[in-house]
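As written, the chains take the letters A, B, C, D, E and F, and residue 1 is the first residue of each chain.
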Amino acid sequence: MTNNERAAVLSQALPYIKAFRGKTVVVKYGGAAMINESLRAEVASDLALMSCVGIRAVLVHGGGPEIDAMLRRLGKEPKFVNGLRFTDDETMEVVQMVLAGKVNKDLVGLLGKAGCPAVGLCGVDGGLITARRHSKGEDLGLVGEIEAVNPDLLEAALKGGFLPVVATVAAGAEGEGAAHKAYNINADTAAAAIAVALKAEKLVLLTDVPGILRDVSDAGTLVRELPRSGVGAMIQEGVVTKGMIPKVECCAKAVGEGVGSAHIIDGRVPHSLLVELFTDAGIGTMIV
Amino acid sequence: MTNNERAAVLSQALPYIKAFRGKTVVVKYGGAAMINESLRAEVASDLALMSCVGIRAVLVHGGGPEIDAMLRRLGKEPKFVNGLRFTDDETMEVVQMVLAGKVNKDLVGLLGKAGCPAVGLCGVDGGLITARRHSKGEDLGLVGEIEAVNPDLLEAALKGGFLPVVATVAAGAEGEGAAHKAYNINADTAAAAIAVALKAEKLVLLTDVPGILRDVSDAGTLVRELPRSGVGAMIQEGVVTKGMIPKVECCAKAVGEGVGSAHIIDGRVPHSLLVELFTDAGIGTMIV
Amino acid sequence: MTNNERAAVLSQALPYIKAFRGKTVVVKYGGAAMINESLRAEVASDLALMSCVGIRAVLVHGGGPEIDAMLRRLGKEPKFVNGLRFTDDETMEVVQMVLAGKVNKDLVGLLGKAGCPAVGLCGVDGGLITARRHSKGEDLGLVGEIEAVNPDLLEAALKGGFLPVVATVAAGAEGEGAAHKAYNINADTAAAAIAVALKAEKLVLLTDVPGILRDVSDAGTLVRELPRSGVGAMIQEGVVTKGMIPKVECCAKAVGEGVGSAHIIDGRVPHSLLVELFTDAGIGTMIV
Amino acid sequence: MTNNERAAVLSQALPYIKAFRGKTVVVKYGGAAMINESLRAEVASDLALMSCVGIRAVLVHGGGPEIDAMLRRLGKEPKFVNGLRFTDDETMEVVQMVLAGKVNKDLVGLLGKAGCPAVGLCGVDGGLITARRHSKGEDLGLVGEIEAVNPDLLEAALKGGFLPVVATVAAGAEGEGAAHKAYNINADTAAAAIAVALKAEKLVLLTDVPGILRDVSDAGTLVRELPRSGVGAMIQEGVVTKGMIPKVECCAKAVGEGVGSAHIIDGRVPHSLLVELFTDAGIGTMIV
Amino acid sequence: MTNNERAAVLSQALPYIKAFRGKTVVVKYGGAAMINESLRAEVASDLALMSCVGIRAVLVHGGGPEIDAMLRRLGKEPKFVNGLRFTDDETMEVVQMVLAGKVNKDLVGLLGKAGCPAVGLCGVDGGLITARRHSKGEDLGLVGEIEAVNPDLLEAALKGGFLPVVATVAAGAEGEGAAHKAYNINADTAAAAIAVALKAEKLVLLTDVPGILRDVSDAGTLVRELPRSGVGAMIQEGVVTKGMIPKVECCAKAVGEGVGSAHIIDGRVPHSLLVELFTDAGIGTMIV
Amino acid sequence: MTNNERAAVLSQALPYIKAFRGKTVVVKYGGAAMINESLRAEVASDLALMSCVGIRAVLVHGGGPEIDAMLRRLGKEPKFVNGLRFTDDETMEVVQMVLAGKVNKDLVGLLGKAGCPAVGLCGVDGGLITARRHSKGEDLGLVGEIEAVNPDLLEAALKGGFLPVVATVAAGAEGEGAAHKAYNINADTAAAAIAVALKAEKLVLLTDVPGILRDVSDAGTLVRELPRSGVGAMIQEGVVTKGMIPKVECCAKAVGEGVGSAHIIDGRVPHSLLVELFTDAGIGTMIV
C-alpha cells in the first residue's frame, strides 16, 4: 500500500470519526463468528479502536455453544422449544456460570490485551437488566422477558473509561417468585433494549450472514438500507425469513424507540465493524 | 427495647459513622459463614448499611466449597498441595466460572435485594489484578502470585455509587506464557493487596473463628488488639497456628503498607460487621 | 443490650438513613424543652447525628422565656396581646439581642461541642427573612409578618458543611418605615416558611406535648397521621384547641406548599428526633 | 466635576481594582467612628463597593460603648483593669448579647441596605475563634487570648458571596473549665489573627486618629509608611504611645505572619477606605 | 480634586459596576476617533477598565482610512457606490490585510499595553461571521451581507479572560461561489449582529457626533433616550439623516432582537465609554 | 483497496491515535509546500484529522514569498542580510499585514472548510510571543529574538476546541524603545519556543526536503532517527549544512527543553503529516 492510499483511508475515516465521537454504539456479538479465535481477537481490536476515537462502545454477547458444551459435560442434553432454550434451574445455573463467568470474562481479557480496559457485567450487576418469566406459549422455565434496563452502571463504566461487556443474564424483577434470582434472556433483544436505554446512535448485530439478501444465493442482492416501515413487507414477501425475522424486528423496534440506526452485518468478515463505521464502503443492511 | 435504648445505639454509632464516612473498608468473606444462606443475607445487609452511611465498602470473596462441588459434578476430584489448590487448566476454567459467574453474581444479587447497587468484578476486569505463576515450591499449575493491583475500576465503581464485589481470579501479567489468561489467587492476599491499593482505612477478614485466642478453648482469652510488630512473637509462641498464620501475616503486611487497621472477626456471629464498625463493643482481633 | 439488638437498631435505621440522605429537615425548637439543659444537649446531639448521616438539618428557634427574663432585668414588664408579644422599640432591641446574641449563639456552641459545625443566623443575615409590620387587629408594634424567605445563605452554609441555626428576627422589607431594621416574628411560622423555601422533606416542631391527642388526658389517643385536609375538621370538632391551632395550621400550610410532611413531636422525650426519624416506632403526629 | 475628572478617578482606580480582585482585606472597625450613624453608613457603602469589585472583604468589630450602656441599664458599672474590661460571667453574657446580637446584626443590616449581602458571625460560629483564659497579670475574668482561628466558615461565606461581619466573642477551647462557652477578646488582635488565617492582602484598622504622627499636633508629620522592623524604635522614641502601641504591634505581628500590609487609617474621614484602596493619594500609616 | 470628590465618583460608579458585572458590552469603534493616537490609547484604557470590573467587552472595528491609504500606496484609487466600498478581488485582499493584519493587531497591542490581554479576530476565525454576496442594487463585488454569527469563539476568548477585537471581514457561506473566502462587511451591522448573538446588555457605537441632535448646530438639543419605536418618526421628520440613518436603524434592530440598549456616543470626547457606563451623567443617545 | 487493507490501515493507526490523544503537536509550515494550493488544502485536512482524534495541534507559519510579493507591489525590493530579512519600519508593517492579515487568515479559512474550527493569532495576541531587538552582528531593524512565550491564549483556544494558527510576529517586550510594537521573528524558532512552552509531545517542521540525507542525492541515505547529542557531529561532518543547520539546531534545542521529539519531514509529500503520525512507516528525520 502506498502512503497516499494510507492517507486516503485515514482521510476518509475523518468525518466518521468526528461524527461518532461521544456517541454510543451497542454491538451484539454471537454465533459462529464468536467461536473463531482469530475473529474474536479482531472484534476485540475493532472495539478497542472504536473506544480509542471516543466512541462509547458497549458489547452484548450470548454464548449458546459454550452453554451446550458445559451442559453436556455435566451430562445434561440441551433442550429447545421453538428455538428457545428450555431453562430449568440447573440449566440456569450453568447459563449464568458460562455466560457471566467464562465467555464474558474471556472477552474482557481479550479487550484488555487489545489495550482497551473493559468490565464484564451481567444483568444482575447494578440492577442493569430486570426480567420476568417468559409468559407466552409453552413453559420455558427461567427464560425471561426484559422488563427494564437501568443504564446507570453502564454510564458509570463508560465515564470511567471502561468498555462494558454484558452477558445476557437478567435479575428477577422484585416480588417475583423469589426463589430465583436470574433469568436467561435473548441477546438480540437485550442489545436492542440497552441501545434504547442508552439512546445509542447505532445498534450493530454481528451475525453469520452478509445482511438481508433479496436472493439468498446472490450476495449482489444485498439490501443496503431499509426503512423501519418496510420491515413488515419484507417479511410478508418472504425476503426475511426464519431466524432473521426476530433480528430484523428487534432492529426495527430499537430504531422506533430512538436508536439512530440498526445494522445487520457479517461478523465473519474480518474487521467488519471498522469498515462499517469508518469507511464510505459500509457493509451489511442498515435499518433506519 | 425502649426508645432510649434505641437512641443510645444510634448516638453511640455517631462518632464511628462520622469517622468512617468516605473511608474505604475492604471486607474479605469466605469459609463456612459464606455457606449459610441467612448469614450471607445478613452480611449483604451489613455491607448495604455501610454503603448507606458513606463508607466505600469493597467485598472480596473466594468460594472453595462451590468450586469443589462443581469439579465433582464434572467428575474431577479436587486436589490440594500444602493447602493450596492444584489448578490445572480444566480446574482453572471451573474456578473462573464458579467464582466470577456464580458466587460473585449471586452475592451481587443479594446486595441488590438489600438495596445496595453492586457490581461483580474479577481480576481480569479493567486489569484489576495481575498475577504471575506461583514460583515457590512444588508446581501448582495456574495458581498465581499477585503482581499488581490497578484500583482504577474500583474507584470508578465506587464513584458511581456501586459496591464492588471481587472474585479472586487474576489476569496473567503480559508477556506471560500467553496461553493462559487467568490465575487462581488466594482471597486473603487479594483482599489485603486491594486494601493497600485503595489506601483503605480497614481490612476486615470475616472468618470462622472469634479472632486470635491465647487459649483456643477459652473465648475469654481473645486478643483484642495486636501491634503489627507483635505478630512474629505470637507465631513463635504458638498462639497463632496453622491456617491462622497466613491470615495474620497478611493483616500485618497490609497494615505495614498503609492500611489503617486489619481485623479478624467471626463471620458466624450475626451482624458482626456492624457491631465491629459502629459500636464501642467491637469484636475480634485488631492488628494495628 | 446484646449485639443482636444493637444490630437490629442499626439495621432498622438503614432505610431511613438512606431515604433522608441529602434531604432537608427543618426543626423548630422552643418552649419548655429548650429550658432544660440536658434536653438541649440531647437535641444538639441528635441534630449532629442527623448532619452526620447527610441530612441537611436547619434549626429554627425562639426564646420567649429568656426575652421575658431580660426585659424584667431591665425593669420592663413583658406585655402580650392575644398571645402575641407587644413589641415596642425597646422590646425589639432586647428581642434581637437575646435571640440572635444569646440563645442563638449558645445553641451554636452546644452543636459545636457535639461535633457539628454550626452557624448562628437571624433573618437579617443575607436577607434571609424579610417582614412587614403585622397588619391585622390591634397594633403590636414591631411584630412582623413574613414577606419573603431568601434561602441563598442557608444553601451556602449547608453546602459549606455548617448547620444553620436561625433566630426568628426578620429584616424590614425595603421602603419600610425606614427607622426600624428588624421585626419580631413567630418562630413556628418562620420555620414553616424556611421549610417551604428550602423544599424541605420534613418540618418538625419540637413541642411540650406528645402530639394531637383526641383525649388530652389519654396518651393512647394520639393521632399518628393526619391528612392536611383533615385539619379543619379537627379544629371544628375541638380536638385541636388553643395554642395548638396555629401550630397545626402552620404545619398544614407548609405541607400544602410542598414540604413532604410536618411533625408535631414531644421535645421533652429524650432523643425524640432520632426516634422519629430513624426507627419504625415514630412518635407524635404527622401531617401529610 | 467634569467628565474628564470623573474619568481620571476611574482610570486611576483601575490598577488598584485589578490588583485587589480576589484578594482578602480584613477591616477592623471600632471606636468613635462607629458611633456616628452617617459614618457607619459610609463604611458599609465602602465595604459594599469593595465587594462589588471582587475584593473578599471581612469586617471585624468591637462595641465597647454599647456594652457599657447596656451594663449600666442593667445597673452594673463597667470595670476596667489596665484598659482591659474586667469580664465576670454576667458581663460576658452582656458582651455576647450586645456584640453578637445587636452591633453585629445592625452592621449586617446596614450592609444589606447598601446592596451587599452580609452574614453576622462571632467566634463561636463554626469554631471560628477559640480562646483560653487570659493568663498574664491580674485576673480579668472571661477575657480570652486567641488560641486558634479556623477560617472554614469565613471561606464558605465568602465563596457564597456573603461578606462576613465578625463580633469578637470567642468559643472556649475544649477541655476548658467547661462552665463557660464564650470569651471576650480584643478586636484588633482578632482582626489581625483573622487576616493571618485568611492570608489577607491587607489588614485595615479604622481608628479615631489619622495614623502615626511624629508630632501629634501636626497632621503634616504623618508617617506614611513604616517597615515592620521600625516599629520597636518608634515606640522607644515615644512617637507611638499609649493605646496606639498595641495597635501598631498587632499590625507588625500580622505583617510578620504573612499579611501583605497593615494600615492604620482615620475612620472619621468619610470614605477613607475607598481613598486608601483605590487612589494614588492613600491616607494613614502603612506597615509593611 | 478632594478625597471626598474621589469617593463620590467611586461610590456613584458602584451600582453600575455591580449591574454590568458579567454582562456583555459590544463596542463599535471607527471613524475619526480611531485615527487620533491619543484617543485610541484612551479607548483601549477604558476597555481595559471595563474588563477589569468583570464586563465582557468586545471591540468591533473597521478601518476605512487605512484601507484607502494602502490602496493608494498600491496605485489603486478607492471607489465607492452609494457610500459602500466597491470591493473587487484585489481590494478585498487589501481590506483583509489592513483590517485583520494591521488595524486589528495594533488595537490588540494597545490593549495589551493597557494591561488587558486581548485577541485579534476576524469573521473567518472559528466561523465567527459568515456572509453572502450583497444582493441589493448595483454589483459591489465582495461586499457581503451577514448570514450568521457563531459566538463560540468569542465565548471561548471571554471565558479565557481575553477581550476579543473583531475586524469586520466575513467568511463566505458554504456552497458560495467557492473562489472567494472572505467578504467586506459593514462594521456597524457586524457589531449589532455580534451583540445580538452574545445577548449583549449594551451595544455602543463610538462615533464622530455627540448623538442624535434635534438641531445639529445646538448640542443642547441632544436626544438622550429614544424608544425603538420612535426611530421611524425621527427619520421621517428629518432629525436623523444621511449616514446617521443606518446607524440608528441598526441600533433599533439590535434592541429589537434582544440587546438591552444601544448607544450612539461621541468617541472624540475623552473617556466617553467610562462616563457613559459608570456615571449618572451619561452621554450621547440611548435607544431602548 | 480491499476492506482488509482499509482495516489494516485503521488498525495500525490505533496505537498512535491512542498515544497522541490529548498530546500537543506543534507543526511549523512554510516554504514551497505552502505555495502549492493543493498541498495547503491537504495540510489543512491533515491538521483537521489530527484535531478530530483529540490531538492538540498548533500550526505556526511564516510567509516569505508573500511578503516579498507585497513589498514589490509597493515598490520596495526585499533585502536580506546573512539570510535574514532586513526589516525597516515600512517592511515590518508589510510583514505584519501579510502574515497576520493574509497568510494567517487564509490558512484559518482552509481549516474551517476542512471542518476544523481554527483561530488566527500572532505573537501580539494575548501577549503570546514577546521579543527584543536582534542584537548579534549587523543591524537588522525590527528583527526580534524571542524573549518569552505565554501559552495562556493557546491553552484557551485549544480548550475551546479551536486550532491555533500562529503568524510569527512578536510583540515588543515592555520598556522597549517604545515606538515599535511588533517584531519580525524566525518561524522555526517560534514554533520550537511554542512547543517548549506547551510541553509538546512533538514538534514537526514541514520542509522542502525529505529530512537529513547523508548523501543529498540519494533518498536512501535518509537519517531516520538522530539523538540530540548527535547533532553537533552531523554538522561538523558536513552532513547537515546551510539552511538545514538552524532547523536541526532548533529541533535539538526544543528536545533539550522538554519536547518529546522533533521531526523534519517533507511537506511536499501529500499527507506527510498523517503518514508520520499514524503509520508505522513514518517519514523524515526524528530528533530525540
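Everything below uses one rule, namely that a contact is a pair of C-beta atoms (placed from the backbone, for glycine too) under 8 Å apart; a residue touches a chain by one contact, two chains touch by 3 or more.
What you are looking at is a predicted structure, and each value in this text was computed from that prediction instead of being measured.
Peer 1: Chain by chain, through touching neighbours only, how many steps does the shortest route from subunit A to subunit E take?
Peer 2: Minimum step count, subunit A to subunit E: 2.
Peer 1: What is the shortest path, in steps, from subunit A to subunit D when you may only step between chains that touch?
Peer 2: The distance in steps between these two chains is 3.
Peer 1: Going by the stated contact rule, which chains contact subunit D and subunit E alike?
Peer 2: Common contact partners of subunit D and subunit E, which must touch each of the two, are absent.
Peer 1: How would the subunit E/subunit F interface be labelled, same or different, where same requires over half of its residue numbers to be shared?
Peer 2: Counting shared over all numbers used gives more than one half: same.
Peer 1: Based on the averaged CA atom positions, which chain is farthest from subunit F?
Peer 2: C
Peer 1: How many angstrom between the C-alpha centroids of subunit B and subunit A?
Peer 2: Here the centre of subunit B sits 34 Å away from the centre of subunit A.
Peer 1: Roughly how many whole angstrom separate the Cα centroids of subunit C and subunit F?
Peer 2: A distance of 69 Å separates the two centres.
Peer 1: Taking each chain's centre as the mean of its CA atoms, how far is subunit B from subunit F in angstrom?
Peer 2: 57
Peer 1: If you average the CA atoms of subunit B and of subunit C, how many Å lie between those two points?
Peer 2: Averaging C-alpha atoms per chain gives centres 47 Å apart.
Peer 1: Of all residues in subunit B, which are in touch with two or more distinct other chains?
Peer 2: As it turns out, subunit B has no residue touching two or more other chains.
Peer 1: Taking touching chains as linked, do they make an open path (line), a single closed cycle (ring), a hub with spokes (star), an all-linked set (complete), or other?
Peer 2: ring
Peer 1: Can you name the residues of subunit D that touch subunit E in the complex?
Peer 2: Those in contact with subunit E are residues 1, 3-11, 13-15, 17-18, 21, 45-46, 48-49, 52-54, 115, 269-272, 274-275, 278-279, 281, 283.
Peer 1: Write out the stretch or stretches of subunit C touching subunit D in their complex.
Peer 2: Counting only subunit C, the residues touching subunit D are 70, 73-74, 93, 96-102, 104-106, 108-109, 112-113, 117-122, 124-127, 152-153, 155-157, 159-162, 169, 171, 174, 181-182.
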